[in-house]
Amino acid sequence: MFYREAGQFKTSYKADQALMPILQDRVGLIAILGVAFIVIPAFANDFFLTSIMIPFLVFSLAAIGLNVLTGFCGQLSLGTGAFMGVGAYAAYKLTTIFPDANVIVMVLLSGVFSAAIGAVFGLPSLRIKGLYLAVTTLAAQFFLEWCFIRIPWLYNNNASGAIEVPHREMFGIVVSGAEATPIVRYFIVLCITAGIAFLMANVLRGRIGRSWMMIRDMDIAAELMGIRPLQTKLMAFAVSSYICGVAGAMMVFFWLNAAEPSSYSIALSFQILFMVILGGLGSLGGSFMGAAFIWILPVFLKFIPGTLGFDVAAETVEHVTFMIVGALIIFFLIVEPHGFARLWQIGKQKLRVWPFPY
Amino acid sequence: MKNIKQLALGTAVAIGVGLSGAMTTVAQAEENYVPLLTYRTGPFAASGIHIANGMHDYLKMLNERDGGIGGVKLVTEECETGYNAQKGVECYEATKGKGALVYNPYSTGITLQLIPKAGVDKIPVLSMGYGLSAAAVGSTFPWVFNVPDTYWDGASVVIKYIGEQEGGLENLKGKKIGYIFLDAGYGREPIPLLEQLAEKYGYELLQYPVGIKEMQNQSSQWLNVRRDRPDYMVMWGWGAMNPTAIKEAVKIRFPMDKFIGVWWSAGDDDAAAGGEGAKGYKAMNFSGVGRDFPALDDIQKYVVDAGLSSTDAETMGGTLYNRGVLNSVIIAEGIRTAQELTGKKVITGEDMRMGLEALDLTEERLKELGLSGFAHPMKVTCEDHAGSHPVFIQEWDGKEWRQASGWIEPMTDIVRPLLEKAAAEYAEKNAPWPARTEPCPN
Amino acid sequence: MNALVTDSSMTSAEAETQVERELLLRVDNVSLSFGGVKAITDISFDIQKGEIRAIIGPNGAGKTSMLNVINGFYHPQEGTITWQGKVRRKMKPYEAASQGIARTFQNVALFKGMTTLDNIMSGRSLKMHKNFFWQLLWRGPAEQEEIEHRRKVEDIIDFLEIQAIRKTPVGRLPYGLQKRVELGRALAMEPELLLLDEPMAGMNLEEKEDMSRFILDVNQEFGTTIALIEHDMGVVMDLSDRVVVLDYGKKIADGPPEEVQANQAVIDAYLGVSH
Amino acid sequence: MLYDIFIDPFVQMYEMPDFFLQVLWEGFVAGILYALIALGFVLIFKASGVFNFAQGIMVVFAGLTLVGLHENGVPAYLALILTIGVMGVLAYGVERVVMRPLVNQPDIILLMATIGLTYFLIGFGEFVFGGEPKQMITEELGLPTGSTAFEFGERGLVILQHIDIAAAVIAVIMVAALGIFFNKTRIGRALRAVADDHQAALSVGISLNQIWAIVWFAAGLVALATGIMWGARSDVSFALEIVAFKALPVLILGGFTSIPGAIVGGLIIGFGEKIGELYWGGLVGGGIESWLAYIIALIFLLFRPQGLFGERIIERV
């Protein structure tokens, strides 16, 4: 009823290949951006911003990064956590070497380093595929983690072995460090995430995005059609690692304030992978949905017993959360292996034909 | 990309959660709220569970026996961190709005994240014998307390003790001391001090890092120990690392009486894992050994027997359980001191900071608490938030811990300048680090 | 062009009938083996510009391997390939593609996760050049380029009569249509030489007729040289200008359809006379 | 520098042969344990093409169940039998709830499902038995606990733990038993048929579901044995899970479907890792064990992508 595209005619190819050819989708996006930029900042409390929205956006960005590589280019990676770590450490080094430079620029620049490292670890992808490739990315994960611990230069020889975000200002507003207010940090994270998501949407609908999908769907055919596999895959690794690197840098600069090597462990890699798979491989919107599910569900579960008035031990909640998350992952994989993005499309299809489904 | 609308769903869920979070934010009147960041899951649960029990039980006992502190009940809430820094920060954000008085992160990683926030949110951090050593410098870190000792105090005590065993520190010349540690901020903290002492006393320091992933698989480290044949081994371990290390030491037949752990490698389960062979293993400690203390009897009576705790009665009196109790004693005394200082019953984080800074746990006070001999009397000053209090060495006799030495004073003359240097460095690296504006209550 | 054999004195009509045209590709003494198993033994033949060349033979004769050799997917141990007069060394498939060799596959090798339109657009990859920066911005050069190529692709869609399935993911299409989309994708590359590996396998009569028409149209309208593998003898005889017959990796006949049809070795091979 | 890399380690090996032997032995024992975990992976991968990420957690879960039951007063041997029963129920449950509805899904989805299973088992195991590490009931099960030291040269000493010897023996017995099971029994033949071709196996009347339940059970038994052995070396706790990642490079070396491959791969990784760490690790500050196995596998992959025992892959179009 409300989701009809009848009567919306495209009169040019330009209109037809717009990001959202259907009016209702455009309205929906504007509404979401309105909520994100106006409603949430106006009404949310600190806890909601720092513990839900900021991590959600950071993880969404990381999930987009991994989705570029795994969902769009078909290269399974278990090294996301480490690539995020490279971004974080690079941003930390940059901002301590150039203390007067704008910290947001440094965060965006840090991705370049993780892109370079990602490309290096992407090299074996020319010869290695699937699960085998996953092992090489595991090598990246463990090797880089080791570097974060064993190269004291990376954390400026801090006795603690951790990186601590320094206080930085921009236009007189504190943007990083402990005094940065949640609302400022939220806006920075929101802008970066939305901006990168928009740019990636552009890339993915064009020539480069298509060449990634060609490699994913049928690498041999792609090669026979003139796609250079190494170049294309390395580019996917680089772009993916860039995004993950920025996400990792945001994670420490605008969310956690300090990070140990163990913050970027294999567990983080898996967390991001879950988001991508549950959200939907090869869907940008799905990355957001997956991140929302995987990050917010446990937070939500923690509150349920309290709000219902049960006195349940903290560890029991933790154990049950693990069980529920695990079971839900299996459940959703069974119900819809293509993730929430596909569920959403099916829903839209139903809406489109409602109330006459046949 | 037309399905970006799905964000709406995520946002809707998120808002729902946010509201439920907001509802619980309503501060309760006439109560003092103490969040406990604990971990009963994950690789460090083995140590974390006992600490959590100890902390929980003592505060609960005060509620049951005395009706709280100064007539105001304590509300405690455990938040599971799993030793994970992210979850720790989440716990912090979720609880700080409820009028939290103090945080005890029990993880160096979480502590580091909370240190800069403490001054901003006006909630002190009590990292009892862990965390950032430099935080002992109260003029730089007014909001952080690491009473009774820093790791550097501990490291100096170990060297001092080894010196005693060898008949004097001068005999350390030419000796090899191995240092096996958890390869994280925690285990790396003491290294600068150990290195400095090595220069001074002429022993050789051999390092054996154990990665968090390799905690349960230390055979390489101990093979290296076998090859290097150090005269003493010092351990900075936590969680699953401890029992594994002790087992491996038994396996390579390392003389256990020359193996000394930090106070966090002093768990009963840790030593018990080594079986008969672990007899003679030593560890530092600053909280009471055993359970012959009236306060523990009260815990048994009012809390454990009343079914208000998940504590297994057998584990009461264990090193780590007692450590948790001591932690709660410091919290409780901090609150009491704050109440006395401010005259308020329901206090805030700022009051709590003053209370902790004015903390003076004397022998008499310990006796009143039913904890005579449970800990060395400790006193916090505005300059020194750790106090470098004496610690003792305990020894595993195959079944339980026995005190094996008197109280040993740390080498304050060496530690203090190092602490000040490190604090200055921290402030510089994190410039602009706020200068102390908080008044000194003493 | 050393391979230029056109007699300038002949009229174009004569040239047509004589099948004496410019050589596009020549295969000389090519042998290919996989760990001791010989797939192709000492095969030589040529493809002339503008013709439809059929490669036939029983199953396992090495036809597909031959196509794989031509577009650089397999590297023969022996022999040479001369492409437009240049002897080709070891070549990567994407290099072959950039020199104008396109192909379709025996088992449809479409990009299953993409729509018909995107699949055919993917054929334009080599012709699109706007770099990553422009792609990020989209507005401006990248969008123009996309629209420009979209026009070409729509022409192909019109030509193949698949307008209705433009936005359908190809995985959901029936087999016959998938084959058609695959042809469209290869056409989008505007190739010099189009290799078709069993374009009509598994089709019913009507679909075969459609496909035959498309192949002839491609050859005549665009002047594309075509090499095809096909099992349906009727189709082969109708479509092709010249036929090469392989059996057990060896060439057993080469010539115009009628001639090959009458060749005893070919009849034996198809009837399974023992060697 | 070059001397440190290329000469000094070998000089050390020569000068301290007892120590070198000890390193080899430790490498051997570690390798056996990696091989046992990899063996569990191989069993399931062979029969169903599923890369069972949960194998590592099954090891912990089995060990935890055994110890947990014993803690609750069940005699050791009865606990062992009950644990076997639990692993059977788990296998049946996994087949019903996870495998059957997900049949024919892409590899990555199945992989994800087993990671989901991992989460579930972690939560469930901790929920039932508590999150703290537990000591393996080695003595109660009648396993040896002592050690024997061999004098070697003047002051050399090689120490062999009896439990490690037992682990090696049990691994050998287990591989032999699996070999016999696969080759001599009806179910074994069916298993091999399924491994070769699902469709073909179905068409000759083999029940895939039954076979899957059986392989998951077999993998569960392997996990139990691994859990006991590993638990005896360190404690039974979920921290073990991370060690299970080492099975991946082992599988890369040995191939995903080869039982001998898993053993040989495990030993190569075990030896390589220990020798690398002890003779070369010191040059870069130690701890290279955490990634050395993966780098070995990576380098190996670049030269031989099909694994030690795999056939060369010919790509077709």
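In order of appearance the chains are A, B, C and D, and numbering begins at 1 in each one.
Just so we're on the same page, a contact is a pair of C-beta atoms (placed from the backbone, for glycine too) under 8 Å apart; a residue touches a chain by one contact, two chains touch by 3 or more.
None of the values given here were measured: they were computed from a predicted structure.
Peer 1: Note down the smallest number of touching-chain steps it takes to go from chain B to chain C.
Peer 2: Step count on the best path from chain B to chain C: 2.
Peer 1: If you tally the C-beta contacts, which comes out ahead, A-B or A-C?
Peer 2: A-B
Peer 1: Cα centroid separation between chain B and chain D, in whole Å?
Peer 2: Going by mean C-alpha positions, chain B sits 36 Å from chain D.
Peer 1: Could you grab the centroid distance between chain A and chain C? Build each centroid from C-alpha atoms only and quote it in angstrom.
Peer 2: Distance between chain centres, rounded to whole Å: 42 Å.
Peer 1: Using CA atom averages as chain centres, what separation in Å is found between chain C and chain D?
Peer 2: Chain centroid spacing, chain C to chain D, equals 49 Å.
Peer 1: Can you list every residue of chain C that touches 2 or more other chains, as numbers and ranges?
Peer 2: 73, 105, 109
Peer 1: Specify, in ascending order, the residues of chain B that touch 2 or more different other chains.
Peer 2: 40-41, 183, 209, 211, 213, in rising order.
Peer 1: Hey, what residues on chain D touch two or more of the other chains?
Peer 2: 126, 131, 242, 285, 287, 290, 315, 317
Peer 1: Sort out for me which residues of chain D touch chain A in the complex.
Peer 2: So the residues of chain D touching chain A come out as 51, 97-98, 101-102, 105-109, 111-113, 115-124, 126-127, 131, 242, 245, 248-249, 252, 256, 284-285, 287-288, 290-291, 294-295, 297-298, 301-302, 305, 315, 317.
Peer 1: Okay, in this complex, where on chain D does chain B touch?
Peer 2: Where chain D meets chain B, its residues are 16, 19, 22-23, 26, 29-30, 126, 130-133, 135, 145, 147, 149, 159, 161, 233-235, 237-240, 242-243, 273-274, 277-278, 281-282, 285-287, 289-290.
Peer 1: In the complex, go through chain A and note every residue touching chain D.
Peer 2: So the residues of chain A in touch with chain D come to 70, 76, 124, 127-128, 130-132, 134-136, 138-139, 142-143, 145-146, 149-150, 220-221, 224, 266, 270, 273-274, 277, 281, 315-316, 318-330, 333-334, 337.
Peer 1: If we count contacts the way the header does, which residues on chain A are in touch with chain C in the complex?
Peer 2: Its residues touching chain C are 12-14, 17, 199, 202-203, 205-211, 213-214, 216-218, 220-229, 235, 282.
Peer 1: Under the stated contact criterion, what part of chain A meets chain B in this complex?
Peer 2: 19-22, 25, 28-29, 31-32, 35-36, 40, 44-48, 50-53, 55-56, 96, 99, 142, 146, 149, 156, 158-162, 164-167, 177-179, 201, 204-205, 255-263, 265, 283-286, 288-289, 291-293, 296, 299-300, 302-303, 306-307, 313-315, 317-319, 340-341, 344-345, 348
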